[in-house]
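We call the chains A, B, C and D, going by the order they appear; numbering starts again at 1 in every chain.
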Amino acid sequence: MAERVAIVATGQTRHTAKRLDVNLRELITEAVTRALEDADLRIQDIDAVFLGNMEPFEGFMFPELWSVEGWGGYGKPAIKFNTGGTVGTTTTMAAYYYLAAGLYETVLAIGFEKQSEGHTQAAITTVGDPIWERTMMAGAVGNFAVMASTYVHESGVTPEQAAKVAVKARRNACNNEYAHLQMPNITVEEVMQSQMLAHPIRKLDMCPQSDGAVAMVLASEAKAKKLASRPAWIKAVATAHEQQYMGDSPKRLAIMRSQVTASQKVYKAAGIANPRKDLDVAEIYEVATYAEMAMYENLGFCERGQGGVLIDQGVTSMEGELPVNPSGGVLSANPIGATAMIRVAEAALQVMGKAGKRQVPNVHTALATGYGGNAWTDALILSSR
Amino acid sequence: MMGRVVIVGAVQTRYEPRKAHQAINELVYEVVAGLLKQTGVRMQEIDSMVTASQDAWDGKTISSMSVNEVVGAYLKSEAKVAADGIQALIYGAARILAGAFDYTLIVAHCKESEGQPDEITKVMFDPFCERPLGLNDAVAAGLQARRYISVAGIDSRALALVSQKNHRSAKRNPLAQRSGDYSLDEILAAPSFADPLTELMAGPRSDGACALLLASAEKAAAFGDRAVCIAGMGNSTDSYWTDRDLSEAEALRQAAQRAYTKAGISPDQVDVAEISARYAHEELLYGEALGLWKREELSALLAEKNPLRKRTKVNPSGGPITGNPTTVAGLARVAEGYLQLAQLAGDRQVPGAQVAVAHGASGVCGQSQSVVILRRGNA
Amino acid sequence: MAAESWAVHQKIEIPFQYTAGPAVTRFLEGLKDKLIVASVCSKCGRRSVPPLSFCGRCWRPIAEFISVSGEGTLLSFTRRAGGDVLYGMIQLEGTDSSLAHYVTGEVGRLRIGCKVAAVWRAGRTGSILDIEGFREVGN
Amino acid sequence: MVSVQKVEAVKEALRVPFRMKLEFDYAMGAHAERFFHALRDHARILGVKCPACKRVYVPPRPVCGICFVETRDWGEVSDEGTLVGCTVVDLPFIDPMTGERRPVPYGFAIIRLDGADTAMYHFLEETDPKRMYVGQRVKAVFREQRTGSLQDILHFRAVQG
């Protein structure tokens, strides 16, 4: 029988466009220091460390090893992951499996990225297969644009509905002291008039590029109960992959095979019959406005084609039936190696009742997702029980 | 004592200087298909995969995208470790110990022929004070080799002995890229790699892949003697290379200690040690950290006809010095250890081997170290 | 199948700008004035070059920076085949870490343990290349 | 001589440049070689079929990930197809293959060729987003001089559907 595992503490940097005051190593230290303080632990209390990062954004191989002083890794078991946008959730799941296996009692999971060191769209363009895709690729923006066009065609969502997603995200972000983009006065019109990057994606439809790091302390059941009065228990985790090439999934975004599969798996494992009713909050890896609406459909928050209606009705706003991304989401902060773990950390804060101004009342069950690579999905369910 | 995970199969490609006709997905499919054939397990039974590859070596951001489909991960759970494949194996074992999966497929790949190693490995180094100098993995290896032989009180002849032994062993390994009966003088007189290392004291550029299948204890019974128990695992992280004594491998000492303790095995019980030594000095340094010999014994051991042969047979495969790409090397060590204990090692079989230790390393001068201890049988 | 094998030749060329952070900036700025700045951990006393702003072992920020001389001990050296420079690892006097750099001068005289000293470039800009290399200065 | 330095706050940390320049010779592999021989020599586009589910894959590959069965039967697919998704790239960005800014705007799309079950990326001739749409019919424009790369197709051009 596997051990129960919980998240007991989190730490984040203030995510921002350019952290010109610290190097990568120092950036990591900030997040780890905050997580350890949150758990009231010393680095010596940590049994092992799991790290996630997307090396090509820094032009680095083993940046975590160069940075070892920054996360106290000397003498510790450590494993490093690199899976694209999902890396933060991949890394969280690794920590989860180790604890569930009873191999460790208290571990750190860390996600970090300093987008300002390199060129994000250039590095993402090399995601493309060198023979089949790279010449046409235009970073994440180009990919999401072609995907969004399919989704618009299938669902009939409008640029105005997309803009509402952007407004929701950046206004929610004003309650999150760690968010990169905090725009209290953002309007639908402003989003719809922002610079066109790749039709139909405008600048304010897209996530920013951020420098930032996140760390979490995870613990086995006995430790977790000592370390936190209300730990965020990990009830279920799942990953689902796509096929190899960008054009393999039949209707990218509109139908996300990986997201349907991963979410259905965790819902089943956690006893969630109706996600819109049974979840109290969701922190999803939405990347772009159109993607968020598509994900509502793929995550089962609404029927197919109803993603736009959901945003119109305010179902996913802070006051709605199922608040999505109280943190402001990826649209408000995107240090890629950290981004998916930020979703988990934010979901954990909600479950622990420690989300401050962005706290949703009475959260017992939360969904966190990661999305990346070639349209693959990670999903986790956190619970107060 | 840890819970039980077994290895039920291991397949490697032949290691070659350039696999010109194989794209990465075809290379990886070769070992995955081979593994399914070897084990008789169908892909439909496997829900978990951990792969290892590196973006810089593959010349591709999110390098695992090339292989997800061919490792059978469609709508399943795969994770990519950005380090040596032995780390993927250690994580894969944790997934099974957690009770989450019955099987986990472990795959590592690298085609060193596609890029330029001296340029690629530059990006492992400090961007402020080291990259402007052009430092790379080969330079660091040369610096560590000279440091090590100086502190250990041996000379480059000792490195030649290691090379000679491994290339001779590799003659029995049909997968090895380079093998032969080299004289010590030939090895010493080979073109320089990064002095004191010559090209015959450093692993050649290599293409290849390796796949293993892990299974839970419940599944193990069906595999009989082909199930080999992972008795212990350990890993550890050292300081950055300029912040430690390069003649020591402290992280490996810690990793080995953890693995031996979990396995309840002492170093003198090890029959076969497969050490990730791409460079000749690493075999001496790492064998010491694995507790297989003491530094004081080195000179005496090397003076004997079979260098380093006490009880333990070291790198009967020939090891990475005879050709294993980075990222694959450590996982290939586990594969070799498995083949030995499952009595599948063919001409390189060490008779009666019961306990094997496999080692892998990542980073500049082995900053990250991992050890896996295998025991014959699935009990 | 074709006898020839096809490969796609491609460049990946991306410019990066690495933010040095306070400690490394201090080090690079110091080089302009021929100063080699080391960090000192107030707990373990460890002196590192290039300097750290945080001691990962003691888990505390580092506030003390000292300058050390450009003299030290050669811990190792090598030359990459095909390259025209000699690389060394140098332990600067009074520090606990080592610095990788070029070694200049007569190769035959180099021995592990020999004393070396920094050779400074004229027109220094705040780069590790402000040091031309380290020259053997006797045992 | 060891002397204690005065600790000064750094106003702005330095930034140190590094230009990563790597070159790769990506082996095409057997499947792509077969595809590009046909493209170069005959201006024909090939797909490979999964014997179990009968899906025709373009790009071709060793195994059908859905069935995990080796693909086997090769056949020609059409040089005409349908847009699955499309866009015009306006944002300027560093092209990793040159280290310089890539010229924009350009049209690109996911295209499903008739006879194929998967779709692939390619350029569109059109650069006005108002004149492209999901479901639009397009046809490959082949280069006269073909070398055996996906760029042997110059781009796809809209045709009457």
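Points to keep in mind about this one:
As a working rule, a residue touches a chain if its C-beta (ideal position, glycine included) is under 8 Å from a C-beta of that chain, and two chains touch if they have at least 3 such contacts.
Here the structure is a predicted model, which is why all the values come from computation and not from measurement.
Ranked by C-beta contact pairs, the top pair of chains is A-B. Averaged C-alpha coordinates give centres for subunit A and subunit B that are 34 Å from one another.
The distance from the centre of subunit A to the centre of subunit C, with each centre set as the mean of the Cα atoms, comes to 37 Å. Per-chain CA centroids place subunit C at a distance of 42 Å from subunit D. Mean C-alpha positions place subunit A and subunit D at a centre distance of 27 Å. Contacts with at least two other chains are made by residues 20-21, 23, 25, 56, 59, 68-70, 73-74, 114, 120, 123, 126-128, 132, 243 of subunit B.
Across the assembly, subunit A contributes 20-23, 56, 59, 68-69, 73-74, 119, 122-123, 126, 129-131, 134, 243-244 as residues in contact with two or more other chains. Counting only residues that touch two or more partner chains, subunit C has 1, 5, 7-8, 10, 12, 14-22, 24, 28, 127. If the chains shown are joined wherever they touch, the resulting network links each chain directly to all the rest.
The touching residues of subunit B, counted against subunit A in their complex, run 2-3, 23, 25, 54-56, 59-66, 68-70, 73-83, 87, 90-91, 94-100, 120-121, 123-128, 234-240, 243, 250-251, 254-255, 258, 362-364, 367-368. Remark: subunit A residues 18-26, 29, 36, 42-43, 56, 58-59, 68-74, 114, 116-119, 122-123, 126, 130-131, 134 touch subunit C in the complex.
Residues 16, 18, 20-33, 61-63, 65-66, 68, 70 of subunit D are the ones touching subunit B in the complex.
Only residues 18-26, 29, 33, 43-44, 56, 59, 68-70, 72-74, 111, 113-116, 119-120, 123, 127-128, 131-132 of subunit B touch subunit D when the two sit together in their complex.
Taken together, the subunit B residues at the contact with subunit C in this complex read 20-21, 59, 114, 118, 126-130, 132-136, 138-139, 142-147, 150, 191-197, 199, 242-243, 246.
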